[in-house]
Structure formats: structure tokens, C-alpha cells
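Common to both upcoming complexes is subunit A, partnered first by subunit B, then by subunit C.
The block that comes next holds the complex of A and B.
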């Protein structure tokens, strides 16, 4: 594949990567933030509006992260303090976010605003082939790539990551080991929400510039599906984003010559996801996964055992 | 080093789970905490682990007052707990489990942990591969992992909470060896169990809990029947029930063989007459539960015959036996007896809809519920959920749900965890039923209850009936001896 095509795929997928990593963190700690489709829209609108008014892209991203983080906090707060169902609240917030974005964003529809500027990395961009793929982007894309590595290292190689996972896996046991389960759920749901917000703003300020009602509708649901496809593993989930992105971009490129095929390609990710889940659930693959915890982590397809299950001390 | 537990109290509803519990334990000895289920052992363990907050009392280690308001505090104070069910994370590797909660560093110190882990494993001869996912380990190995993890935290006190419930005999031997080694090295060890023989085997001293109170302490070894007396309470009946004329044979079980979980039974012959109350004495796990559940049809027999009245019950299931008049009331009222999320009215609708009408007549059910609430003196409304009722009222509801044509009632611990008023009420009901020709079989871990209400007592040990006493020949000392597996 031409390096320029790969570079485009990486750039186009970056918003989804943020959202998927964010939701992976949130679900790993045991909370379902189902509001992604609404909160990404709200974040995309907020990010664009703030950048448009202030002229600062950075402030736009910050505002997007905050608003989305706030939505996520509603879920964890109502779950822990008010004992409400996370799924129900998530769905309500999806609708609320969508409508709110449409309403508040009226003044910004189809305006031309600031956007993230390209910033090739000197020297590295001149590496043949790889330079074009990885080092000729803007800060948002670099950050998305870096986030994959950071989230992976954080989850599997730091104490905090381990405590995060244990809170989502078996909250009672984590609590018995002295881990403040609910505090961690607040922190990582908020953090995950912030990443989702950055994903939303990465659309309106970089990948799909500007704002209009329903600007990026459905990407939240796609992100939620990719989290499952990714087996709650950040690297596998990111891979899912790139496969999804690749099929979209290829379809776009093929449109002039093969209009029929280009209609089929964007749908392909979904059967691929289902087939992958069937494959990793196959007894043979499961057996291999059980033999080694490293492979097990990669082919795993079970959600965290404590996902969506609130924890209250007796 | 000394651990002092001083006058600890904690209650749930109107029942004390711990009532002025005090004990004092020195390091270098293995101290047993013995009691039947529901005696208050796990409440005390949960208070020591910081899960429950105590209502009164003090806990001191070496005369230093401990504040145990969360598990984190408890760990900090040097108390390590091996929970009944190992608190491990199944999809994670052994090493990850070892690390969780054990380190303060930002990057998990895998190399150092691995070294420590292998050192501990070598010392205690645990064979654990650090990279295996824990889901592949046996329960015994999971325990070993937890022990290794606890030791890495360098505790001063180690509490083993019912550690032998799900492990093989070989693993049990190994566990006991580990516990003994820890104790000789100066660790203060508490061994919590309802299994008499295990406490007798490895403990140096023991405190027996009964109904939330300390029933007594003993230095070991001592005769097991003395411990049984402490566990089961008063050795004489507090009430004299009226002797009434017994009817013909109601139920016969012969050559019954059955297994449920780790409990297996072999009953050569058992009979009960109409209007007779039979109490089953035995320490937990002696077969009384499997016996009751096999007769009720909750558990299928491997062989043998059960005859009720004129019906051969072999091959019939629980529902068919229920229709034939057998009613079983499990000890776990909320887990097996009732549906915790359903209201009293909904329970009535489930049970009383004999014609299997597709449309529920809610008004009728509501009125019926109100009627039964009055009749059975349940503290609640037709809209109360089962889980919101107190233990005594849950038991009353189970009586209210009993079919009126039931003629054989099987009860597991009918008054466990209940206040005195509820317990008396329940026995008055049962005595009334007995006057109406009902046969009643109940298991209990309370001598006073067994001796007060049984027309006949059978003693179970290791899945067999080892003794039988008519009311006029009750001999509490002999019963206690037989329960401990001794001969008279």
C-alpha cells in the first residue's frame, strides 16, 4: 500500500482511537459509559465553538475534554451515589448530548473556524517510507499514536493500571486488598471521558472540520463496538480503529473506478468484527490463550467481570 | 505479641451477630475460632478485616489501639486475611495477582516481585508458575497464591477464614503444614472454622462462638464432646412439649444413598410417623442437609427408596413431591426459599395460582397477602419485598406460603439467626401442625431446640445415622459424644 494512503488512514482514524482508548479505560475500571455517541457530538460542537470564539485550538480541545468528562462523571456519580443503572443513564445522556449539541451549536453551523496545523517532525519525517506514514502529521495524530502506547503501558505495567483492572474485574476483592474502588472509578471514568471528548474535538478541529447538526453521528456507537471487538485491550482496539479507517479510506479512493465495491467496503468492518469475536471465542484459540497470559490478554474476549456492576460497601 | 479483641458488638436488624465478643490471642499459638454457621465468626472476621464497622468495643495489638475502618487500615495494621473464597482475579496472571495492592511504586516492580514470590514459594513448597492465568489454578493453589501475597505484606496477624471448604485432602495437609510453620516462626494465627476435627487437629487453643456470643474458651487438646457442648449450647430442654398420640407411618426411607457437593449420605433406614417431630443432630456437614434435600427431591438419590404414605417417591422430582405434601424450608431463606426482589403479594401470586391462570388477579392476591400477613403476624405490607423483611418475618412468610395440605415438613435450622419471639412463634406453628397429623423433620445446631421440641432425635455423623433417642431416653452427653464421632 502506498505510504501516503497509510498516513491518511492513521490520520483519519485518530478521533476514533482517542474515543476507543477512553472507553476502554472506563470499562476496564468497571463502568459502562454508553453515552459516547452523544458526548462525542457535544464535545465536537464545544471544541469547535470554543476554538471559533477564542481562536485557540488548544482551548477548544480542553473545553471538549472537560465537557465530555463531565458527562462521564454524571454516569459514575449517579451509579455510585444514587444507585442508578449505568446503561439507562448512558442512553439518556446519549440523547441529551445529541440534542444539546444541536441546540447549542446553532450559531456555529457551517462556519469556517480554526483547525489543527500540520507539523511534520524534522529529520524523522525523512526516514524512507516510515517517515511519511508516522511523522508527517499534526500534533493530534501524534498524540493518538502516543496514547495507544501510554494506555497500554499504564494498564499492564504500572501499579495504578493493575489496581484499575482489579477494580473492574472483582471490586470486592480489590477493596479487600485496600484499593479505593469507587475513587478509582471516578478518576478513570472522568479520564476516559476526557479522551472521548478529545476524540470528538479531533473530528471538528482536524479530521472533519467544522460543525453541523449530527456532524459525526454514529461514531460513538462504532467506538463502543470497537471496544468490544478489541477485547478491552488498547492495542487490539486501536487496531480495530485502523481497520475500520482503512476500509473507509479505501472505499473513498475506489469510488471513481469501482462505485459498487466502494459501497460494500464501509459495511465490511461490522461482519469482520463479528467473525473476529467468533474466532477468538473458538475453543482452540481460547486454549492457546489460557496457556500463556500474554497471548491470553490479546485474544481475550470477555468483558471485565465487574463491568457495569456497582460496588457498595455493606 | 498479643491481639486483644475487647467487647465487640455488631447487630443486623434486631439480631446481634456479635454480642460483647472478647478474645485474647498470643503469637506463637494457633488459635481456633469455632462455631456453627451463623454463630458470628464471619462477622468478627469482617470487622477485623475492616469490611464491617463495629458498633462497640476495641481491638488492640500489643496494647496499641487499632483503627480498622477499611481493609486498607487493616492491612496497614498488619492484619492479613485469607478469605473463605480466595480474593483473586481470575483472568490475571499469578504474578499480577501477587502485585495487586502490594506495592506503592508507580511502575509495578515485576522483577523484585518475582524474586520475592519465588522465595516465598520455595520456602513453603508452593508450586506456582508466575505466568499462568489464575483461572487455571485449583482453589488450593489460589489459596497458596493469596498466602504468598499476604506474607509479602509482612503481616503480624494472619487469619484463615474457613480455608478448607473447597480444597482436596492433600492440599489441606499442605495448608496445615504451612500454618504450623508460620506459627512456629512467631506469627499470630487465627484459624476460623466450623469443622471440629480440624480445629482439634491444628489449634493450640480455641474460642467457641454461639449465637454471636463467646460460649467459652479451651486449651487444646480436650475432649471433642466438650467443644460440641459449647457449640450447641444448653444441654437440657427449656420447654416440655405435650406428648401426643402418634399416628401410622408417614414416611420411610431405606438404603438411601446420595451425594451433594462434598456431603454424601448412606441411610439404611429412617421412619417417621404422623404427628411426630424428629430432630437431626449433627455438626455442619454431617449429612443432615443432604438427607433433608434428598427427601424433598431437591437432590436426587443414587439409590434407595422413599415412600410417603402410599406413594413411592422414587423418580419423582421436587415439584411432584411438593404436590404430594412434602414441604422443604431451606436454611438460606433469601437465597433458596424466597425471591428477594419480589413482594409478598407477588409471592402469593406465584404460589397460589393453582389453576395456572394466564392473567393474574392482583386484587385477589393483594387481599390474600393482607390476610396472610395478619394471620402469620408478618411485620410488613403486601408490597414489602422479601429482602426488606427481617429474618424472622422471612421465615413467617415461608410458613404463609406453605400449601395447606402439606403433611411432611422438612426444615433446615428453622430458627437460626432469629430473635426469641420469632423462634417461639415458629415452634408454636410447628406444634399446631403436629397436632394436625403433620410429620416434622428438622435439623438444628442448637441443643436447646433439639431437646425441647423433638419427639425423637437422630444423630448424624459422616453421612450416617449413628444414634437414635426417644424423648424419654434423651441423653445430651451421649448425643454430643456421638456427634463428635465417638462411640458410647
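The block that comes next holds the complex of A and C.
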């Protein structure tokens, strides 16, 4: 593949990478934030509106991260303190977030505002092939690439990451060992929400500039599906984002030759992802997975055992 | 997902629910006020705009019908402990199947309506059944299976409208050519209200009530929803029950789609589902999974949907404000009810010690 194409895919996928990494963190600690489709829209709108008013892209990203973090906190608060169902609250917030974004963003529809500026990294960008792919983007894209590595290292190679995982896998056992399960759930749900918000702003301030009603509708659901597709592993999930991004770019390129296809291709990734889920869960594939540890690692896709299950100290 | 029924504690009184609704209504009014809607004027416009005259009342009723049917569909699947988010897609496929009959078949009107309803119900059942198969045989969570199939259904309807079923000469996303008037559900005089559609919605709500409260199937379904493992040990065929819930829910959603094409649009349009599948989730959460309450709340939500058009016209408020109000009502009510039961729980613990 041409390096330029790969670079385009990496850039176009960066918002989803943030969102998917954020949701992976949240679900790893045992909380389902199902509000992504609403909270990303709300964050995209907030990010654009704040950047538009203040002229500062950085403030836009900050505001987007805050608002999305706030939405995530509603879910974890109502779950832990009020024993409300995370899925129910998540769905309500999805619908409310969508409508709220449309309502609050009405003055910013189709305005032209600030955007993230390109920033090639000197010297590194001149590396043949790799330079074009990785080092000729803007700060948002670099941050998305860096986040994959950081989240991976944090989750699997630090003490905090292991505590996070045990809170999501076996909350009772983790609590017995002295890990403050619910406090961690608050922290990482808020942090995951902030990443989702950055993803939303990365759309409105970089990849899909500006704001209009339903600007990035359905991307939240796609992000949620990619988390499952990624088997709750940050690197695999990021790979899912890039596959999805590649499908989109291919659809765009094929449009002139196959106009009918353009109607079908945008929805294609979702069914493909579902078929992948079916395949991954199929007993046959599972059996192969058990026999070979390498394949097993690739296809394994069990959710954290305590996912969506609240933990209360009785 | 057996914790669905625990969203509300079982001993929640009607009093505390009403209290919660009152508080959330108050909050919604305050919020409307903040966003530039004078409370009394807004309320008056809502009532006038949704019930003020025969035309508006019939418009509201025709929003109520698909919403009530979608809610009935969700109540059945909720009882089985399922998050059947794919209702939206099932409405679409029901509408496609009903449109197919309306376009391709010629029969005396009552027969044609019957055939459309059956085809629509079948289409919804087919789509619901696919979600069920994905869940039961493919181990794909029904939230994602349902959403994926909704995306596919959306793609399908757009493809049909601009492709094979396009209006002669022009392919436009404004919809297919109108059906022959024989396929239009009869209405009262010149109004949009269709007694047949109203009957279908009432029958759907009653069916769900009857099945869940009075039948052995309902008992088994609820047992499956509360604890599938225990139910299965007691001899309940849980997979069969889940599948039946998906199929039944699909039929109800498909009929909602039939009403959308047969009684409201009289043609197939890309946005045929009208978002009722998603809105019904809010209705059923607020209605505590009960048919009668959900029927009433559907009507209230229909009033907001139709009445808020007047906010747009007369007060120059944004069209999304109706949806914001609905969302806030549900969120705040759930939270207030939860706070009440939390207080009760703390008191119980205190009394016990």
C-alpha cells in the first residue's frame, strides 16, 4: 500500500482510536459507558463551540474532555451510589446527549472555526516510507498513536494497571486485597470519558471539521463495537479502528467507479464486525485458540468478568 | 443482564414515583425557562399544540400508535432480560415488507390492509429473529447485534428508495411514489387518525399485558429474565423463551412499521422508523416495564413530540428541545426514585441493627 494512503488512514482513524482506548479503560475497570454515541456528539459540539468562541483549539479539547468525563461520571455515580443499571443510564444519556448537542450547538452550525494545524516532525519525517506514514501529521494524530502505547503499557505493565484490571475482573477479590474498587471505577471511568471527549473534539476540530446536527452520529456505536472486536485489548482495539478507517477510505476511493456501492459501504463495517464476533465466539475457532497460544491470544475476546456488575460493600 | 428488573426496587410505591415525576417535571420546566421558554406559555403551547383541536389530537394519536407498539415490543424483550435495541431496525424492515405488499399486490382494501399488517409483522419478526439467532447461537450481545442489523436495515431502505423502488424518472431520498389509495389505512373524515392503527396499538399493549401477567409463557419468560440459570434448572426452556421474545417483539415492531407506511406516510421514506425504536426505550424505562403505564407515557411523549412543534413555530425554539425535555424527564425520574429507595434501604439497615 502507498505510504500516503496509510498515513490518511492513520489520520482519519485518530478520533476513534481515542474513543476506543477510553472505553477500553472504562470497561476494563468494570463499568459500561454505553453513552458514547451521545457523549461524543456532545464533546464534538462543545469542543468546536469553545474553540470557535475563544479561538483556542487547546481549550476546545479541554472542554470536550471535561463534558464527556462528566457524562461518564453520571453513569458511575448512579451505578455505585444509587444502584441504577449502567446500561439503562447509558442509553438515556445517549439519547439525551444527542438532543442536547443539537440544542446547545444550534448557533454553531456550519460555522467555520479554528482547526488543528499540521506539524511535521523535523528530521523524522524524512525517514523513507515510515516518515510519511507516522511523522507527517498534527499533534492530535501523534497523540493518538502515543496513547495506544501508553494505555497498553499502563494496563499490562504497571501496578496501577493491574489493580485496574483486577477491579474489573474480580471486584470482591480485589477489594479483599485492599484495592479501593469503587474509587478506581470513578477514576478510570472519568479518565476513559475524557479520552472519549478528546475523540469527539478530534472529529470537529481535525478530521471532520465543524459542527452540524448529528455531525458524527453512529461513530459512538462503532467505537463501542470496536472495543468488543478488540477483545478489550488496547492494541487490538486500535487495529480495529484502522481496519474500519481503511474500509472507509476504500469506500471513498471506489465511489466514482461504483456509485451504488457508496450507499452500502458506510454500513458494511458494522455487519462485518458482527460476523467477526460470531466467528470469534464460534466453538471451532475457540478450540483452535485453546490449542495454539498465539492464535488464542489473537482471537480471545472475553469481557472483564465483572463488567457492568456493580460492587457494593455490604 | 438479570439486573434489569432491579432498576426500580420491587417495593417502590406509586407515591414515590409520582413524587419523582413531579420533581423531574419541575426541573424540566426550570430548564426550559433557562433556555428562553417562558413556562406558562410553553405549557399552554404544548397542550394546545398537541390536543388543541381535532387535527392536532389526531396527529398526536398517530405519533402515539407506533411509539406504543415499539414500547410493547420492548416490554416483551425486557421481561426476558434482553436489551432489544434493534427495535428501530425491526420497524424499518416491517415497513419495507408492508410496502412490498402495498406496491405489488392488488386486492380489495380490507384484504390488502390485512396482508400489509401480516407482511409487516413478519418482516419485523424476521429481523428480531436474526438478532435472536445472533444472541443465542452466535453469542453476540443483542445490543450490538440489534444495532448492526438496524444499520443494515437503514442501508436497505435507502437502497430501495433510490434504487429499485425509485419514483419513475427521479431517484430522490424523499421517498418512493405514494401507494395506490387502496393501500391507505382508512381514517376518520379528513383527519389523519386511523381507527385501525389505534386498534393495533391497543391490541399490542393488551397482548403484552396478558402474556406477561396471565400466561404460563409470561411467567417462564420473566423467570428467564430474572435468572436464566435457575429457570433452566427448573425445566424452563430458556433459549426457546428468549427466541420467542425476540420474535414476538419483532412482530410488534414490524406492525409499528406497517402503521408508519400504511396510515401515516403512504409511501416508503428513508426515515420511516421516525426514531420511535429509540424513544420507546425511554418510555419503557419511565413506565417501569408495565404496559398500561408505558401506554400512557407514550401518549405524553407523543404530546411533547407534536406539541413542541409549536415551540419551534411560535417561540422560535430549537426542534431538539422536545427530545431534551423527554430525556431529562426520564433521567431525573430514575435518579429521584433511586434516591428514595436508597433512603428507604438505609433506614431498613438502621432499624435492623
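Note that in this section the second predicted complex is superposed on the first by the 277 of 314 C-alpha atoms of A that agree within 3 Å, B and C clash if a C-alpha of one lies under 4 Å from a C-alpha of the other, contacts with A are read in each partner's own complex, and residues count from 1 in each chain.
Everything below uses one rule, namely that contacts are C-beta pairs under 8 Å (C-beta built on N, C-alpha and C of every residue); 3 or more make two chains touch, one makes a residue touch a chain.
A quick note: this is a predicted structure, and the numbers were derived from the prediction, not measured.
Chemist: Which of the two partners, first being subunit B and second being subunit C, lies in contact with A:302: first, second, both, or neither?
Modeler: first
Chemist: Between subunit B (first) and subunit C (second), which, if any, makes contact with A:176: first, second, both or neither?
Modeler: So A:176 only meets subunit B here.
Chemist: Considering only touches as defined above, state whether A:102 meets subunit B (first), subunit C (second), both or neither.
Modeler: Touch status of A:102: second partner only.
Chemist: If you count the residues of subunit A that each partner touches, which comes out higher, subunit B or subunit C?
Modeler: Tallying touched residues of subunit A, the top partner is C.
Chemist: Contacts for A:159 in the overlay, against subunit B (first) and subunit C (second): which applies, first, second, both or neither?
Modeler: first
Chemist: Go through the superposed model and pick first if A:83 touches only subunit B, second if only subunit C, both, or neither.
Modeler: second
Chemist: By the touch definition at the top of the document, which applies to A:273: first (subunit B), second (subunit C), both, or neither?
Modeler: Only subunit C; A:273 stays clear of subunit B.
Chemist: Following superposition on chain A, which residues of subunit A contact subunit B and also contact subunit C?
Modeler: On subunit A, no residue contacts both subunit B in one structure and subunit C in the other.
Chemist: Subunit C touches which residues of subunit A in the complex?
Modeler: The contact residues of subunit A facing subunit C are 34, 78, 81-85, 87-89, 91-93, 95-96, 98-100, 102-103, 106, 213, 218, 221, 224-225, 228, 260, 263-264, 266-267, 270-271, 273-274, 277-278, 281-282, 309.
Chemist: Under the touch definition given earlier, write down the residues of subunit A that touch subunit B in their complex.
Modeler: Where subunit A meets subunit B, its residues are 157-163, 165-166, 169-170, 172-180, 290, 292-294, 296, 300, 302, 305, 313-314.
Chemist: In the complex formed with subunit A, which residues of subunit C make contact?
Modeler: Per the stated touch rule, the residues are 1, 3-4, 6-7, 35, 83, 85, 134, 138-141, 143-145, 147-148, 151-152, 154-155, 158-159, 162-163, 278-279, 281-282, 285, 318-321, 323-324, 326-328, 330-331, 334-335, 338-339, 341-342.
Chemist: Of all residues in subunit B, which touch subunit A in the complex?
Modeler: The touching residues are 46, 49, 51-52, 70-72, 74-76, 81, 83, 87-93, 96, 99-108, 110, 131-133, 135-136.
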